[in-house]
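Chains: A, B, C and D, in written order; residue numbering restarts at 1 for each.
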Amino acid sequence: MPIRVGIIGATGYTALEVARLLLAHPEAKVVAATSRAEVGKSISEIHPSLAGRWDVTIESLDAAKIAEKCDVVMSCLPHGASAETCKQLVEQGTRVIDFSADFRLSSRDLYEQWYGVVHPWPERIGNTVYGLPEFFADEIANADLVANPGCYPTSAILPLAPLVAAGLIETDDVIVDSKSGVSGAGRSAKVGTLYCEVNESIAAYGVGCHRHQPEMIDLVDRIGGTSLSLLFTPHLTPMDRGILSTIYVKPKKSTAAEVMACWEQQYAECPFVTPVAHLPATKHVSGTNHVQMTARDGGNRLILVSAIDNLAKGASGAAIQNMNVMFGLPQTAGL
Amino acid sequence: MPIRVGIIGATGYTALEVARLLLAHPEAKVVAATSRAEVGKSISEIHPSLAGRWDVTIESLDAAKIAEKCDVVMSCLPHGASAETCKQLVEQGTRVIDFSADFRLSSRDLYEQWYGVVHPWPERIGNTVYGLPEFFADEIANADLVANPGCYPTSAILPLAPLVAAGLIETDDVIVDSKSGVSGAGRSAKVGTLYCEVNESIAAYGVGCHRHQPEMIDLVDRIGGTSLSLLFTPHLTPMDRGILSTIYVKPKKSTAAEVMACWEQQYAECPFVTPVAHLPATKHVSGTNHVQMTARDGGNRLILVSAIDNLAKGASGAAIQNMNVMFGLPQTAGL
Amino acid sequence: MPIRVGIIGATGYTALEVARLLLAHPEAKVVAATSRAEVGKSISEIHPSLAGRWDVTIESLDAAKIAEKCDVVMSCLPHGASAETCKQLVEQGTRVIDFSADFRLSSRDLYEQWYGVVHPWPERIGNTVYGLPEFFADEIANADLVANPGCYPTSAILPLAPLVAAGLIETDDVIVDSKSGVSGAGRSAKVGTLYCEVNESIAAYGVGCHRHQPEMIDLVDRIGGTSLSLLFTPHLTPMDRGILSTIYVKPKKSTAAEVMACWEQQYAECPFVTPVAHLPATKHVSGTNHVQMTARDGGNRLILVSAIDNLAKGASGAAIQNMNVMFGLPQTAGL
Amino acid sequence: MPIRVGIIGATGYTALEVARLLLAHPEAKVVAATSRAEVGKSISEIHPSLAGRWDVTIESLDAAKIAEKCDVVMSCLPHGASAETCKQLVEQGTRVIDFSADFRLSSRDLYEQWYGVVHPWPERIGNTVYGLPEFFADEIANADLVANPGCYPTSAILPLAPLVAAGLIETDDVIVDSKSGVSGAGRSAKVGTLYCEVNESIAAYGVGCHRHQPEMIDLVDRIGGTSLSLLFTPHLTPMDRGILSTIYVKPKKSTAAEVMACWEQQYAECPFVTPVAHLPATKHVSGTNHVQMTARDGGNRLILVSAIDNLAKGASGAAIQNMNVMFGLPQTAGL
């Protein structure tokens, strides 16, 4: 019997990507989808790409009912709203993978400082596993609640954390310059993400104040044991999908070759992380759960470049990878 | 002293294009801009591409005040709303170029049937000049009010009308298959024109019911003297600007070469209409007021292809061309 | 034991798409890849998106060796060259799916007239099955050689053929206006498909002389029993993938609703063909083997709109669907 | 009588942009165009966007003949080839604006080290004016030969040089992360810049070894009086035009506000350089000769962001600005 999956907040791009990926999953299927705004509609009215492939009627969120139907729930709600829903679902006995930032950080204070809201379920912040199976597979396997990582953080933590842990780089002046596709901005109607605003254009945003900056620092600290002084600048890039992070670090007498060797060793058993000789492009990983990364020497700096698909390894692919771990399947099942 | 131009409804793409084009105009300058929603803001806050190039504070619409300041006003308001404003401005003695569809059609009935609203100034529908200087330059020269043509109609009327007038084509089964850039859909926040909805995708819309269909028929009739049976299908294409119209007509024993000759003669004195040997691409006319068009033989059909920039010759460029005619300048001034 | 697949001509986009799709196939795997120009290189050097996912060394084409290794071969060579290779492979006892046009048409004369070359294996033209399992599944199941359909023809034959067979439309004046993504133009270095030539632009090409026009006519005749007078105009659209075909037909007193009903019945058992109420966009089928199509009434015309992914159902997805049929798997395996 | 302009190497994108911009110039016109490969063709065959707007027959390069016809020549040839041609033209008495890198650097050694060729006219390297009128207008005014700046260097030198000169930033660890549109890669047929290779993708290239890195260092030194330790990483971005440079510098106790004030003062009389409060996007300057730039505080770093159009201020617009200075016109003429 396949794993029964529910999607909460089914109208956005990450929800669609969960559905798209699960259509090809051999051991799981989506059995319920909720959205406050679209109750009663068919999911293929909201996402016409599902027509003829999968359909279900969107229902309102009733935690007890969803818990009964589903072995695991993907919560695609925005932060704040998500924590509250996760609480109800976990209390009903369902396992939950939360796409929001509500359980990612290691302390309530850090969360409330950066997100500006009172945390709805403070007992679980700081002791919920961060859904990066490359580092936390054992905890994920037994978790009732998994904090699915942020898209930008995934692209930065995977290259940085092993280097910090291995003492290969200085920790005092790390610069993460990231370029993301537009789907990261979500599917709500805003002038700023209209086609004619962002097409044929690239721009920085959230300079020095993006919420993924503390998440990167926090997780590299948790994994690598040291807090970085890290500056993060995201850019909106005219493409649907993809994140490219160009990361400038100071080597501790280490070389790009040593960085590559460190990654090779660290990720030898990780099916989705591939150190590559070429300079990765986001297209190389588009539509997949894969991460490509490389390192280059550059005078007194090392340049690290990583590429992921923000909707896949940066969100929905990672969620399915987490689900696989939670249910004892190979990480690659359906991916 | 330069022509003083006002822009009503200054937040959209056609308004920005008017401003962009007038920045390079030797004899005209924008002196006022209005927008109900943005009063008091600087225009460069709304359109950051104007920063350092031109600035003005957005004001609310006071017809008397605008009339005093401006020799001509470009109304970029939506249909219905525009007619009312045009009325006030014309009554105050300003000349107006109306970007909406309010004065384009030849009868109030046709307008009310297709636009579903009561016309706010019915006295002027059917006797307002259609702003296509290629055919109506004399009337435009003396007009107090000009109905600036629709973008799709421009791309269809220019190739079709002379052929109808010359009796070169059958009138009973004309098919206009048009492909437009996304700017034609305007700048209001709608899910349907978000980047990730329309990027990497093409789709038909408004099949058989788009309001530019009667405009095409009406104008070809006015110019060519015969009413066409014409079917129009627009498509949303992943690009900022441009309209390509592929038009299928039945020849009356005529050939593509005769079509080209007819156009050459018709448009010999028209600086913006160029029959070309190659198959035109929208990129060839992007950012310009030019029209490229060609004809091909295809068995029992002739295929006509025209390319314009929907924001330029399809809207704001045409408006400036009209303004030039109204003020006795060469049609090409600033274009 | 999985089906062992070989790819001939492995450097192009269709070859990459075959590899991409087979990575997710439960019963088949790619075991060999050839390319004259790249012998000895790793496939992931040519297609960096395969890094960390699948790799193989590109070999030169030795029919006997390939036949020994492979249960089925996908020939991604250009027309002319492909027929010759297919001959060698079939004679060695391998089953072949040919992506070229070499075996699609029903007569050698038609082929030589449109392709301008002497056919290298004339015995097999006119009696090779056309790889559209929606109509020819039984023959495909037993074939040693399958002519994989052209991308544009797939988008036109699927909507048209059943209507012709059912006598719902006139056959004398069918217009197929198609819009394709750029991947259809292949991966060889040409100025015409450079990013800056085709981005932000749409243009018609091959007007009235594209080789897919006789293929459409030929196949609709074979399936529907009547030869159409059909005019085909392809357009190059700024997107990677996708074909949208807008088809103008004259109804025989039939309505769009009757067209939809005809399709519903015809394709009831076809997992990839979905009549839809909405106007399909190419994005709705992107990356999938699915076809969405709809019909609209439009005065004295019916408008049919179909959407496919040119690389998937238009090429590599169809090839895998054919392979599934040839090896007794469900058509949907791995798709 | 207008300035008579010749274009050498007329088939590329910068040549087209020169032509496009000069069509709107009140005091200059293109009178000759050369290209070895296309002699005898009409320029509008090579650049169909010029059809109906301007035409000339492409001739072969005869320095004496060009010198007679032209008051100034734009050399759009690649490095190495360009220097040789510039020599002939200058010796014939024509003034030349060179788009290549041949005369930009301050020493022959630096040139030969980075460009790997023997310089064809070493007497003029190190004593040819760098065509940045914001700093070198007086020398440009009298020059017979102007080294038109590189696109990336323009985007970095304009924000950095005044800060170095004013002592506002540390010079030991400057990082320039730039994102460019694809037109910067030129118009020759290469797989790497095919639409389907670069669309929907972003990637770094030339990491740590791009030739514009020494140009940035060299010019900031010339203007600001100090040699920077600067690391430059360019990225290929899926758009036609535009460069966004995100620059990470260490403040010398200075703030973003002081940076803005320094720029305001430095560029008060420069019509094309605009410090802005918003984060600039490349779209804001697309098609124009303008530069927008801003500064942000970010912990122990300052972040500078500049946006230009690589084809305009990054190449052809700058050339026309230089021409204006050379011929005593306002810098803004025709721009």
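Definition applied: a contact is a pair of C-beta atoms (placed from the backbone, for glycine too) under 8 Å apart; a residue touches a chain by one contact, two chains touch by 3 or more.
Quick caveat: nothing in here was measured; it's all calculated off a predicted structure.
Path length between chain B and chain C in the chain contact graph, taken as the least number of steps between touching chains: 1.
Looking at A-B and A-D, the interface holding more C-beta pairs in contact is that of A-D. On a Cα centroid basis, the chain most remote from chain D in this structure is C. Rounded to whole angstrom, the centroid-to-centroid distance between chain A and chain C, based on C-alpha atoms, equals 36 Å. Averaged C-alpha coordinates put the centre of chain A at 45 Å from the centre of chain B. Here the CA centre of chain A is 39 Å from the CA centre of chain D.
Annotation for chain B: residues 197, 199-200, 238-240, 280-281, 283-284, 286 touch two or more other chains. Chain B makes touch with chain D in their complex at residues 24, 26, 48-49, 51-53, 200, 272-274, 276, 278, 280-281, 283-288, 290, 292.
Across the interface of their complex, chain D is touched by residues 13, 182-183, 187-191, 193-200, 238-240 of chain C.
Against chain A, the residues of chain D that register as touching in their complex are 173, 175, 177, 179, 181, 197-205, 207-208, 229, 231, 233, 235, 237-242, 244, 246, 248, 279-284, 286, 296-301, 303, 305, 307.
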